[in-house]
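Each of the next two complexes has chain A plus one more chain, namely chain B in the first and chain C in the second.
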Partner chain A sequence: MDSISLQHVEKGKYQLLIILGLAVFTLLSAVFALGLGSSSNLDMVTSWKIVISDTKKFFLNIDTVADNLWYNLTACISSSSCEDRSLLHGIEREGTNIQNAIIWDWRFPRILTAIVGGIALAVAGALMQGCLGNPLVSPLTLGVASGAALGAAFAIVLGFTILSIPELAIVANAFFFSLVVVTIIIQLGKIRSISAESYILVGIAITFICGAIVSTMQYFATDAQLSQLAHWSFGSLSRPSGGNVILMGLILASLLPTALKWSWDLNTLSMGGDEFAISTGVNPSKIRKNILIVSALMTSIVIAFTGLIGFVGLAAPHMSRLIVGNDFRKLIPCSGLFGAFLMIFADTLGRTLFAPIVIPVGVMLSIIGGPFFMYLLLRRGGHH
Partner chain B sequence: MKDISFSMKSNEVVAILGINGAGKSTLIKCLNRILSPKSGDIHIRPHWSNLKETNLINISSLDLVEISKTMSYVPQNVATSFPMDVFDVVLLGRKPHLSWRISDEDRDKVSETLRYLNLEDFAFRKFNQISGGERQRVIIAKAIAQDPNLFLFDEPTSDLDLKNQIQIMKCIRKIIKDKNNSKSALIAIHDINIAAKYSDKILLLNNGSIMAYGPPSQVLTEENIAEVFGVKCSISSVDKHYIRVDVDDEI
Partner chain C sequence: MSSSELILSVENLTVGYNEELISKINLEINTGDVIAVVGPSGIGKTTLLRTIAGLVKPISGDIFCKAPKRGGIGYIPQKLGLVRHTSVYHNVDLGARSGSRFFSEPKTWFKRRSERVTTAVERMGLSDKMNEPVRRLSGGQQRRVATARTLAQRPKLILADEFLSELDEDNISIVLDAVKEYMAASESAMIIVEHNIQRATEISTRLLQIKNGELVEYNPSEMKFDLDGGLI
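What follows is the complex of A and B.
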């Protein structure tokens, strides 16, 4: 092989190694975060002991786990006086009930949400920036999140809900209204000559419209409603339950391969714009529409459960670019990992820094992520 | 534009001349479907081995990947917010030929092209950290890596200084005149003298149709230039191949 080709292969291997390292690092920080917390009867070493022993028991007694899962899925539907069993029901455990509850019912879903949400928002950000050719774009730019906020406001202030199940009312509303925005994007995509800028401008217009309606509702809302709405908009990882996270994870897992499949198209589109893409055999308007729909879905499923989390979708792709460059085959996985790590880091800091007060992850991300992001960009002499 | 019909041979450089708005860029962009005609059709009769056809093919019946394997468009300039390494930009030329994995042949094709255009020192520099002339050469390298039969250049020298203009035109001629390949180029250009010096034929557009088509010495007459561009000029022969156009004043 040519020496330049060899150099290119080497560089690719090196970048892959970095991505692998980042994956291991993110996993380790998730385990570390499982052991961190403000509880007085659970220190870090005990937490890890419980995590390790329970994980071992989970895999050694996988048949009992399956039985319990089956019981939860079937028995509880037929009888009204039944409680969900824990998956390790009937097996002797290492920790006390409280300790187990803190780790598995409280911290674990939270960290899982951080990982799933971080991946989804960061990947959505990378996809949107690439297909719109604009580094200022984040998953919130298209107005999906303002749609979600509007839905939440409808549920909280007016009591207008799509689903009547109380725990899911706000989530369902937020998701439904963000789908309305996705529909608008699909309709826009049908216009033959729509440009990348038009998408962004329409997104900004949607943001303004939804914002105005939410403000109007706030004007007439009671104090309790106002505070609930404010809490929703902070963006927090404490809301989704274990089942919610699994749902989010499944949807994300079904969308990610499609996104990766478009890597080469995104490479041509983000590198040279529409004419360059066409002359390389890529149909820019079709690809752009499809990518925007997928990334808007990723964003809305996460935001419906967690509330507004914006910064990770802007910053994680840019930080990843500094490491692996603009090849989307590497940028998409790297952004996802970076997003997961940022979320775990910000959330863990948020719940331990002023414990027992928990600072919402959306706020924490912007406070610590913002200056770090600026430092990274300025250090490079403002090339972006 | 109406009733435009012309034929090109392999290893031939054809320059399109005409005033602003005459349809130089439009003609080129219609050929590889960057633009689609509002009404009417564009047909080609390719004699390329991969798309050989004795009948006329309607361009709109071909898909973009098929077109991109036979024609490659080089814009006036490429600006990006997300610059890649020069090597990776040229590698994008292999996009129509690959699915996900980059094969060793793809890489070697890119390396070979970079050396061919003396770009090997820039292989791992970012696209936005090199000069305008170098960037233009990188985009041409990308077009070569795409392995097309026909190159379409849209004012490739308009943003460049004198030396870079000459370098780019020489580079284009080097590719087209390479007898190992049978490639040709269609270049929309403004500079009459560069067109006269570096092209085999000139296609003179006026009011959306072809006014003259042939070797520079036949097409670039004082009368034709006066009618199309509205300027007075004098034509002189430099040697038996080249002519020079000196513009005096507007009419």
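What follows is the complex of A and C.
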């Protein structure tokens, strides 16, 4: 019962400063990543110039931007022949068309996805580790990800899709099937004698079942289908478009406040278990169920678009715990920022290291993050 | 107390873990009730309390609770579950935090919380120990801290598990007076699990005894004891 030690209570202000610093650092690394790339006609200074001038123009000509957005939303939906305008359409700009396209259509959504996805997965990981009382839990433990993989396999191998729009078929399938897993989790909460361990074990069982079905499909799949499925499962940030990221961000923004609202309840759960939680007026089973649903939703919305990215949800909460301790009021925001930073870092390295080959962020995260994570844990002399 | 209203109703409840401990529980609890559940150890008293608190799911049957969903039920466990290295204030604040809602009036949240803490601690006669770490208090004082924590939560239904055992007479009267004062002011009800039948009859308005896996209700004022404190 000493997870929130006096030391951490006393160091509160210092930790808030660290979190603030981490936020600034993450933002700076996002801007830095926006300027970094393999294009030969776009060096870092030029890209920053474009970014700064375009941002300025965006805010100075906000009415034109709104007009363009309105045009995209109205005129372009009714007629199929029209092309989406860029938001700065009709304004003289700094860069050439290609340069603008590289920065705003390619790098920007990618970095935004890294931020949104990193925050969502890391926060989901912190929530799940807290409410299940197990440091090995990650957002993929409950089987949400394997549900998504099953959905993707259905779309790719069998051609069975929920939505008939080709660009969104795999995403919709992955999301739908992960929702099925979320429903199973909700139903589990109603069963008698459900404990934190049984949630984890059922999640592992779901992972095995979905894995077996996917393997069966792979066994009968063609080479092309196999490679597409393998690519999906790597986890990459290049898939979501700008609109997708905004959708992800909106859903995340609606779920995050609830997560923060429950942070104190999570504290009581992680301090002394169910008995302690209820003696301070927190209903443990209800909180556990609610938190699992929210974190599973956060995970599924992200991995439906990006594919499997597991490591950030496991490592970011642990790394933050080493900095701010086990107080979830600070741990949740700190994990989110750390997750975003890890994703930006790994993705930027992945797309610049062997350019023009882009290494998927899921792979890159594990390669760099794994040893770093091990170092952090061992340095503290086996803190966990 | 003006008029009593229903707080908890239990219908055909069966509680237990793997095997049934108590079955066919039908119970209606109104404000102002102090219910004592008695019976030998291992018979399912604590399990019944934990089921009502929501820690254990019932085998069958329904529990309808009128208390607010958040902080409406206060549970005082047998093992107190206090944070030993922090102050009395901090511990009582844990209860005050779940009871007072932030979003209803964010500006006065901290003020409301600290008011709750000071009232509860004063009721328990621990005002001078406010900033003392809990581990430096005696067993009886720690139990008073745990009770203060639940009172600061301002629950409609208090569930107390053997919360008078290990207490001397002075402490018992402090705790009981404070709880009764709170109950009168807040129109709440209380369920106590107690192994000492004589004490249970003294403090309760309704007495439930577990016999052969079922609850039997007595009126405590009609109970008689022999010289050794045994039930006649």
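Definition applied: the second predicted complex is superposed on the first by the 373 of 384 C-alpha atoms of A that agree within 3 Å, B and C clash if a C-alpha of one lies under 4 Å from a C-alpha of the other, contacts with A are read in each partner's own complex, and residues count from 1 in each chain.
One rule holds for everything that comes next: a residue touches a chain if its C-beta (ideal position, glycine included) is under 8 Å from a C-beta of that chain, and two chains touch if they have at least 3 such contacts.
A quick note: this is a predicted structure, and the numbers were derived from the prediction, not measured.
Contact with neither chain B nor chain C is seen for A:I357 once the two complexes are overlaid on the shared chain. Residue contacts after overlaying the shared chain place A:R321 against chain B, while chain C stays out of touching range.
In the superposed model, A:S270 makes contact with chain B only, not with chain C. In the superposition on chain A, A:I278 contacts both chain B and chain C.
When the shared chain is aligned, chain B comes close enough to touch A:R329, but chain C does not. A count of residues in chain A touched by chain B and by chain C gives the higher number to B. By the touch criterion stated above, A:I165 is placed in contact with neither chain B nor chain C.
Contact with chain B, but none with chain C, is seen for A:G133 once the two complexes are overlaid on the shared chain. When both complexes are aligned on chain A by C-alpha atoms, chain A residues 1-2, 4-5, 9, 264, 268, 271-272, 274-276, 278-283 touch chain B in the first and chain C in the second.
Residues 29, 32-34, 64-69, 71-73, 75, 78-85, 87-89, 92-93, 95-96, 98, 100, 104, 107-108, 110-112, 114-115, 120, 123-124, 127-128, 139, 143, 146, 152 of chain B touch chain A in their complex.
Here chain C touches chain A in the complex through residues 17, 53-59, 69-71, 73-77, 79-81, 83-86, 94-95, 97-99, 146, 149-150, 153, 155, going by the rule given at the top.
Residues 1-5, 7-9, 11, 129-130, 133-135, 263-264, 267-268, 270-276, 278-283, 321, 325-327, 329, 383-384 of chain A are the ones touching chain B in the complex. Interface residues of chain A facing chain C in the complex, by the touch rule stated above, are 1-2, 4-6, 9, 191-194, 264-265, 268, 271-272, 274-276, 278-286.
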